[in-house]
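Given below, in the form of structure tokens, are the structures.
Common to both upcoming complexes is chain A, partnered first by chain B, then by chain C.
What follows is the complex of A and B.
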């Protein structure tokens, strides 16, 4: 069965590129544009892995990690997309339980490798 | 009422400050913060209560007392607002610095609350200043030819970007008879319309906003335009309708809690409209919606041909002696930055302030700058270093630019070094404004005469000075696994993002919303990086930096224009590159 990725990215361009490459890579992609949408979705069902931008409207990637680990008590792998200017946030994200991060500009191939690594680690 | 509102905000900040733990700060940081806060508070209280006492004395029994009160009130507000703004900017700046230090979560919350309250206060003060300028009749309106249709389209575009998350239809209807180009004050018209449109957007959850413009009458020289903005929002109760144009009134007490705002917006609108000799009226039904109708007279443009570019405001107007000039200031002290910017701004010139030598030099390389003001003692690249770099520049225009040094103390060796380095003039801090003005005008005139005599050997202006951006999308195509359709889609999305960035950033700039600009300029970087548009990324980096550091709106506006220019240059390259890839 295809593994499901929840992709949270509010930048339509990056989202579209990553969506294409992740689907090509054999994953089922659920695309969400902001923190609110992500939260709503997570209340319904949990994906196999989450890839989320750190800076998003309503609900940042960091808050998302906090919510997933502490409120939902889930250990689903989380990969964060960060940019140079919020690298310090990445540290607090790791402390809160994020598994990996990838910096912008995101190389889709690199993301695919990181995703498959996280998924094989869980299995 | 207005003073009470100020004081409420003030004590809110004070509460925040009391709760804040100073344990994490160095002693000097803490005392600076406290000091600037106290100066600010004392200044405010003195102004408010001091002036009130004298008011009873100056009332002249022959004059209608109400008007005297209005006049003193508005000049009082103008003075107070002005004087509050400077230390308040200091407070906001220190709060930002604090945010960058290591703070506990609790402290972060407190400092954010402090920041929020201070920014609210700053907004209120800016509006107060705006309003008092208007009601004292001190505001001069521009009378320039501008393209009305472009302005209206731009506004409607801006509005549309603001309602994307709501279920609202936005309809713009410009009557066929409305001329494309008219003469008046475009920025005041934008301000008025943005305010009304902003209100409509704020109070409508679903339904529609209609924006209609028509020609009411026209004679040889003048036209009268009608603007109508109607929404299907919450509406305003009959008993409140009369009051909404009054200062500091919002229709209902809880409106403020729910929707925010200083309550000055509509009174500013009304003042502007009335000073244009126009009229404004409102009708509303609770639960059905609100309609604002406005009529404003404008002068006819002589010919509608050359109206596309804004014609320059007449520099003959008194009070703008430096109109049309661009001045770059190297200065690292935040307060001095503010001070000098506001002075130069008053004199009508374009001002760029920076404490970063390399950045300033880059600006000099890409723009025509008339005069350099240089603080000599700066961290990093000192004023002497920057001067050296300017004088060693290969381009004549840059090499010969007049440099005026600013410093608190000049030693003898400094003066010798000036001559060696080619600093043209200097001024001691603190300086008198007219002294500075005189020196700037002198240096400008000197340069003009030099130019005229040297005109024969001057090189032709080099138009290719801008760094030409090499654009190569091969790497992106690789990321797309060679799918040209996907690449195309990305480029379409990219352009949409850019348009959104341009629109939203403009709104944020108009509202002095630094957090907003910080967010948009951060967000757009992802796409820019994807296409490797490093020049634009750099501009956005600078924008984010300004939003985080000195919050200089002029600098931001400058960078924004810079972005527009550069993008205009790059957009066709993208098309070319796509064509090249397709033909491969």
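What follows is the complex of A and C.
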């Protein structure tokens, strides 16, 4: 059974690229373009791992971590994608309970390795 | 008809002008049509743009999996994937014929290039070239528009199209700045030798921002091995030299010492500063002499950098140079930097001076200093007396430190007791002086008064020694040695030795008795009374009595010149104060005067203040003209003068005055009766007055007559010499009676009344 990944990224081209790479890596990817969609989907089900951009419309990656950890009380692994200038946000995201982060420009291969590592850690 | 069509009736100067209604309607329709047309165009183009955006988005969405497939395709993929890959290749070739599609595809790749890294990025570059999109960029380079050229250069640089290097380098010396700058960055990014090409070939200025951008581009190169940039220090382009210096510093190429040191002599200040910065960074100590040599010709900014460099690797041999700079330089920052450099080389050489208070010993230190004074205390039954020797009072006044140090003598080792040296006052120490030992001070009161806090902070301690019955020699010597102020008035003789009895008597009196007692001191009947008055001024508790004593003393000093004579005689002799009374009597007898005579001459203070012989002779002449018995008394003292001319003039004046007095005795009757009564009353009030009223009347009468006769010349003017004397001593000359009458003539003349009568007659 494929592990499910929730990919939250507002840049359609990057999202498509990562989606393609993760699917090719053997994962089932649920692609969402903004925070609102992510929140609605999370109310219905929880993925095995969440890969989210920090800067998203409606609902930022940090708010997402806070929502998952405090409201949903979930320990699902969360990997945040951030630009270098958002380092402060990354630190605050780690304080909220994010498991890992990867900065842009993203190497899809590297992301795949990190995802697999986090999933194996949970298992 | 016109009236019916018009909107309004035409009223002259009241209504608005008539407008044809049909024209208004025409304009209305015209503007409505224009508005509809405008909004129609807007909606048309907006919908067209929206359609294009939607089409672009859909195309991007279609292309995204294709590009992803191309990017992540590998030979190890399954057969289905390989098949799909081939189909997509065919599909995209169809798309590539469309220019718009190529443009969209290029945009997608540029966007992805920013977000992806690693092998994916390399695949992206490869895909860009395989799809032939770089040809579009090449074609952009041929455009005449600078923004298109820049866009083409940027695309080729982003996609790392190495083949474009030669094409881009042509724009290095383009006259258009944006193209030139874009080409410079592209040249650096496309090949490692790009920077060398730029430094060799550029003829335009390179801005600092551009230099930083190029350094950043160089830093982004992988496995980059920079060339030795010292080669470009000899460039004719100053910006290239400056950039080379910065690159040398950036890549720590410290093998260019000679060239860099030579560049300190460059005319361009920016190059100088960059060279000095390199010298500092690479610690080129051999540059010191060059830095010192060029120092004077440099600007203040460069001077500061030079001083900073000298401070960094200078040594003691540079301190004279730095001292010279700190003295001669007018710019505060340069001076300050020089001083700072001295302190870096030799710490604490230059200390702060501005706004630094001249520190003096603190209160505590002063107390310690005072403790060094160890006066010997002899315990008596009633009071504790302290013997102080002069040795103890050797107070050195150090001008530089302003610290008063009191030396301790080893031969006086008695302990000190009950001396309070408080913050403000150390006073009332009675000092006992053995009479047989002149080295020890006589009885006196020592008042060590510390001043206000401010003065205390500066360590200034004013010590006032009041000398009581101290002999002149001791007094003078002590004053000379200590430089201390004596509270004794120098105008008066030191006559207080035998005033103890008077003081005791005075102390026993009541307030009323004291008041009467001070009033009775009207003359110098007893010289001791002067000392008593001083004692009253200082020790009396009642302020009224103190003030009365003060006024009395002032009155006696001004009204009794005998005091001066006594003082002079007394000061010249070395006799002790016990002989004062005898001396006083002798002086008065030698002058042929009775002891209690009261004859002050107005010429006496003038004469005493005159220092040259001519003025003295003029004064004697004036006395001869104006004087009376008072002047005779004074003139007799001048007969014994060493100066023959004064002696002769005095004798002559005495004879003249005596003759005049005898001749003018008849004018006594001229004096008003009231005056006579006043004089007699005054004389009755004064118990000690010995002068007969008639004698005084004669004097005053003669003075009035003489003033009228002699002061004024024939032309009613004062003698010139006397004018000078009056002017010198601030004396107002007597006014002419006629002038006074004219000034204060308020009487109405007869002529006025006559005129008044005439006026009345005319009116009637």
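Assume the second predicted complex is superposed on the first by the 123 of 123 C-alpha atoms of A that agree within 3 Å, B and C clash if a C-alpha of one lies under 4 Å from a C-alpha of the other, contacts with A are read in each partner's own complex, and residues count from 1 in each chain.
By our rule, a residue touches a chain if its C-beta (ideal position, glycine included) is under 8 Å from a C-beta of that chain, and two chains touch if they have at least 3 such contacts.
The shown structure was predicted, so the numbers you read here are calculated from the model rather than taken from an experiment.
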Exercise. In the overlay, answer first, second, both or neither for which of chain B and chain C A:55 touches.
Key: first
Self-check item: Partner chain in contact with A:10 - chain B first, chain C second, else both or neither
Solution: first
Practice problem: Could you tell me if A:110 is touching chain B, chain C, both of them or neither one (first, second, both, neither)? | Solution: second
Quiz prompt | Overlap of the chain B and chain C footprints on chain A, listed as residue numbers | solution = 11-14, 16-17, 20-21, 24, 104-105, 107-109
Quiz item: chain C touches which residues of chain A in the complex?
Solution: 11-14, 16-17, 19-21, 24, 104-110
Quiz item: So in the complex, which bits of chain A are touching chain B?
Solution: 10-14, 16-17, 20-21, 24, 55, 83, 85, 104-105, 107-109
Quiz item: Which of the residues in chain B come into contact with chain A in the complex?
Solution: 479-481, 483, 486, 489-490, 493-494, 496-497, 519, 522-523, 525-527, 529-530, 544
Quiz item: Mind pulling up the chain C residues that touch chain A in the complex?
Solution: 60-61, 64-65, 67-69, 71-72, 108, 111-112, 114-121
